[in-house]
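You will see two complexes here that share chain A, one where it goes with chain B and one where it goes with chain C.
And now, the complex of A and B:
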């Protein structure tokens, strides 16, 4: 260890437990803790401005613009809705996609509202304009629906009654949790009834022996984590949006997060689920067992189905004992191959204590340093091509620290690491994380950005960044960063403004390239509305066809979260 | 540590890496490595004798006994099969279940055989009597079918062609891997065509950075593990049957195993799957990505579906770096609550290095000591109520050992452990494992045994053993042991001979009790033929109905592994 500490100028030992409030200052969290509140005033997201410009163009040509709707329900108006041309403009793809409202869906009338009031009581049937405005728009302000009704069930039975009625009436619905999704999956596209399960937020049980937590779907992730801390446990997932997102939404979108490399997928951690089908049938799959081989594992179908097969109402999840020791290193590597090899060695040598392995390239570092105040590169101003963050979590503070430092020393001697520092306190750790976590904010501040969330074989992961640079030329800034430990790349093209000719060079190339290398065009965000029509880049036609058959089987009228997940030409072949 | 070593007489430090051949001597492996060979001569399993007695009784009354079949196909005989009363007797339940052949299935004829020869070539279309005898019987000799044909495809395309033909002809099939299952899932019930994928045994790719292995379904688990060892990796599952079982079968049965507590379920570790549907459609879900949120995770449906939804042909699986350090402790606890608390502490304190947590009660220990030669209790002859095995695996030999011993010392001081030893070499570790792993053999040697493989909430897990003792009285030996870390109990009632009045006291009580406590009547073995009709004890009617709908959707003619997994009254309502 001595050699490492002598040869590397900033490596220091941490004497206290790090990262207790590690993520508290990052940008994504600060956005998300504002919940689903629709931001008025100047919008910081250039996408949003573009979106509203596009909407404006459409308002001039479309016979029933969004702005015509008021918060109050006018049955006479509403009954005509299904015959009215209703176009939603999607501003973030290569081709603006026009989606038509499915004419087979009924339109809400006052009898419907009365019926819902009987089920839920007056106060849980929301028609208030301001609250609907919030619920109709996603947190980025990218997607906006025109729902006239928000329902707040307090129990599975109420969800069941709502859906049974909607299915009979052919009223489309959109399930909504914390509304923190990134692909337009949690807001209405047109006038779907919003079902928000946020009132179903009770912890049902926690078993300290097995670590199995059972709770209602509306529990906020951070609240669950806070509850568990008192019992010495933690949730197996951690997201920037944890202050707002709900566990039902996490499960429905198969949320990933920062510690995926350590705790794995929700497909492994979710042990049980209660979900309500479109016809109101309650599927009790709420097992609290680590092992259960009695028939098909149906709950898996609902994990990641984005509310299109059923509404999750209760979740049983395997939690992990809270680690008593955390450490973070910020490292520089001379090339991508070194990053890869470092990951390989970290898995082998740090093994069981490795909890995060993130990376960014020098272009990403430059962007952060240029656009975020107070951020500095903890390494000397030499130019390195790649930066890596390695976090460990374990049960023995002094040993874990020693182990990490010994690993870093060996890796440096072996040439995998060009330079590096180990955080010596919470503030230093937070400042390291700020570089990685601040990238979204920096990109927005830099101007326009084309964002892609790709999953690729690790050895191929950075090639798309390099190819994109060749393709776009030196005038465009192409950035690569992400969850290297999970093979999840965030590819970003940053430029002063949007330009369709640039976009045409990016798409469909980026999807085709991803598909060619058996990657996924959505690593952790889902398909939602944004990529429903792009599924074929990651899934075979036969597989998509089986998905559509299952959708048809479980939701024959297609009322659950319509226009999402599956391609519109398969969902609505007659349209 | 000194105190522990002084106060506990047998605790010794291990100076070499333990367990390299840890499981090589256990009984289950020695049975399983004999593969699917049908044992002639004296059968060591009392079930089998009972089975054949029952079959004999049936032969006298049944118009078409099994023995009438020869290895050669006689079309004139065969065409009458579907009209002939064909009864399969199940000797291991409370009520002998009579299953009738589904009359909608066609019977194999010579044209079919000729067609298969065209697809596969002569040598992969097996009609040899001896080879069929082997393939018709499971390795325990409990279940016996009367198939006339074994097909050995060498590629996905061949599997597809076979199934397409069988589906058109309405010929039932049974997919077969290593034929090491425990619930009659991998052998024909009647004359189903056996499709054995054992020839599809090639490793397709291995990525040393991500640890992702892609291989054909017929690869033997132990061979995969041997391949990985050379790359410093290991499979995330380890079974007694690993010398024979195939990865396709492991995935299709969602195999658990010894290290489930550490590496988790195949639902988390299997990253991709290629499967062929009943109609020959090849579903390419063979992703090699840790994250992929593009649509429904269909592969999950096939994991644990026991070949009833499709035949797995290729598997992509996340492997783990091979741990360089292994340790094992054999401990005594005074009561079950101490075992529970010890597990809780082990998860918290050993955390990331805990790799197995097994337990057995004093009755189990007594049985092993009585019936297995050369097995001794490593603890002094005091009577303890419970014994626990704790295994650790990590990347640092000396640290892991220290950590385990410090944990044991604290647990002893805290009163959770009454006594204990740490294995000091491979032989000692093997002798400890022999006690736990030898239980199946000891039970068979002791006479008749009623076996139940239950998953239960850990705090309730041992109550069923105690209640069963009260229910059956002191004259019956009721044993409890199993994978405490996973909440998986092996409940066994051992007696000199079978007695229907005893069985009537056990069943359906054991299933009802399990159901009442939201347990699973099959923790890791699946339902197969044995428990297909008992699924309702662990799954709600609505859930079973959805399963049946999915079965009907993917396999409308029901040709894939008929009579298994789902209840016969749902699969064949007209029967």
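And now, the complex of A and C:
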């Protein structure tokens, strides 16, 4: 009874302010119609945006009691509030199922905060609203959590102490690095404590002979690359997010990137890892040896585990000598078949100097030209159906350039290439790369985006894009681009705002299609929150069960990055 | 009317340069080299004038050792009709370049000589002006807009100067040096790269042009500027005054 009165009081306190803004908009109209058709999305309603900014505290406090006590509140105001609280979810993401906060996790209290302050010092325990807001929202603005606490440890010892405490208190945590993930894996779902390793950004050692770099998990990828350039080396991975993403996050998500076709996966390039388990145990697997066949290679479990098995604190990675000559060609092809044949020819004729093979379609090109500044079409005036970026890296500039040009001219005579340009200096090369790397950014600027990252057999790769276009109709913008060299398509549907009816047409069709063609529903982005329940499209039930057992073994209380990666019905069978 | 464009092979603009340990110059081995950005703009302008029908031929010229041929090939791939390579030692100072250009102009007799305003490796900004003096031709430097009038044989050049924009009218033949905002150079397309393979690059030597290359300048030392020191947070006004007086010596 007491609880009911308190929650009613909270409702009353916030209800007047809630309704002032609501009553004056057509927001209410959309709520009052049946639950499933309320408008959702970042840009759908300026009042909603503004409202969220200034009322978020009320939202967060009123949501939880309502979730538990909706049965007791009779006023019609309550049901509206319930809908609003659900909107807090729907507006910010296309989470397929309604997730409930796991009741076995404790709620943060002031004793916890004091304890963290003792471990980390006042400065690194952050409860400031503004900083929490940025840490709570993912890069795309699609997933928003409601964490009240952000911790910034500066050493492995501090991470270990934090996790030990959280494990005994059963407080859920989210490991966070650069927060550039695209599947909602780096932000809290509810009020998990955010552990951001960004302050652990020291380079520990670098061996110039072997090229092995040992650094802390919070080092930003671009900074590592700049450091290595001075020694004549380079990182084996490169992605559009390199200015913000951290190596710990890259390793935890087994990031792919633009040079995957040449340097391979992080599973091969990471030689050692230091990780902290959920109970605070520090696992020192930080070897710097190329070959070490002693026992099970545990670090492979952590690579790609998306922070659900442990928090990476130090990484030892094999870097390659930086090739002195880089050449880049931006080409146009008439159809997808030419792109495929071009890939075959490039792998054969360019062989060892091929370092990147990317493609994008005409819709992607148009989007980038419209939404990104300072970008111009390298092949005016027409927009071709497909564009391909081929990069070669080698040690002899004139030899590589001749080889590339000979290959390109022959392909052009053979009809594989309709037109193309070759970059003559570094600035031109950067502007070509900007077109491909800036696609994610342009999509975010264009509004809402439904993003899918699929691994498919190369012949079938573009068929899904065409089928999606047929399925969604002319009014929807469906874009296909990606790492053609690795068989990895980034399928994106760009709209002004999120719309559940469109989402229903996309999912689960796209996953079923991928599964039918024996592809992967997540080639490199990972499962995170977005695809936590879809793993069965690409993995058998037995393998998923073993994964769940491993998770239970390493994290019995399930505090590390909960609700993500593995399906909820397997992780929380009682719920 | 022929247009001659002088292009220079320099360290690529985007490269972080380093000074050689013996302080004799900048590290250029194993470093990406490309066409000077202002020379690219000059070549682009010449190509545009030709495409407008106001010129018949664009000739690209470069001076130095054999590596210059890469730069000339880029020029041909952009659309120049032919190229001339003056085989000369790698360090040429502006006066020598100007003398060589004069000799070439006397042979080729172009109506317009376009150059970049300066090279990004030495930042001299002298060659255009010197060659105009040697040829006794009018010059329009730091051009941000060029309009040619064929009948009147006049070029109207808008120059970027400190106070704003100055418009000059030059009688042809003239020398123009280009500034950044003149145009955006085109990329080298594959069809043009293909055509460039059959274009002619003529090689000449300074002896054939009757030019003696000697320099009155000698580079004694090249050093890096002092590294920026980190800022210091002071804890009180007294400490600030103390530092200003005793360390920085400004009060």
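Convention: the second predicted complex is superposed on the first by the 413 of 575 C-alpha atoms of A that agree within 3 Å, B and C clash if a C-alpha of one lies under 4 Å from a C-alpha of the other, contacts with A are read in each partner's own complex, and residues count from 1 in each chain.
We adopt the following convention: contacts are C-beta pairs under 8 Å (C-beta built on N, C-alpha and C of every residue); 3 or more make two chains touch, one makes a residue touch a chain.
Treat the numbers as computed from the prediction; the structure is a model and nothing was measured.
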| item | value |
| --- | --- |
| Chain B versus chain C as contact partner of A:305, first or second or both or neither | first |
| First (chain B), second (chain C), both or neither touched by A:285 | first |
| Chain B versus chain C as contact partner of A:430, first or second or both or neither | second |
| Chain A: partner with more touched residues, chain B or chain C | B |
| Chain B versus chain C as contact partner of A:544, first or second or both or neither | first |
| Which of chain B and chain C A:297 touches, first, second, both or neither | first |
| Chain A residues contacted in one complex by chain B, in the other by chain C | none |
| Complex contacts: residues of chain C adjacent to chain A | 12-16, 30, 32, 34-35, 37, 70, 74, 77, 184, 187-191, 193-194 |
| For the chain A and chain C complex, residues of the former touching the latter | 229, 324-326, 330-331, 376, 378-379, 397-398, 405, 408-409, 412, 417, 419-428, 430 |
| Interface residues, chain B side, partner chain A - complex | 207-212, 232, 253-254, 256, 260-261, 264-265, 267-269, 277, 281-298, 300-301, 303-305, 309, 321, 323, 340-341, 343-344, 347-353, 394-396, 399, 403, 455-459, 483, 486-488, 518-527, 531, 535, 538-540, 542-544, 546-547, 549-550, 553-554, 565-566 |
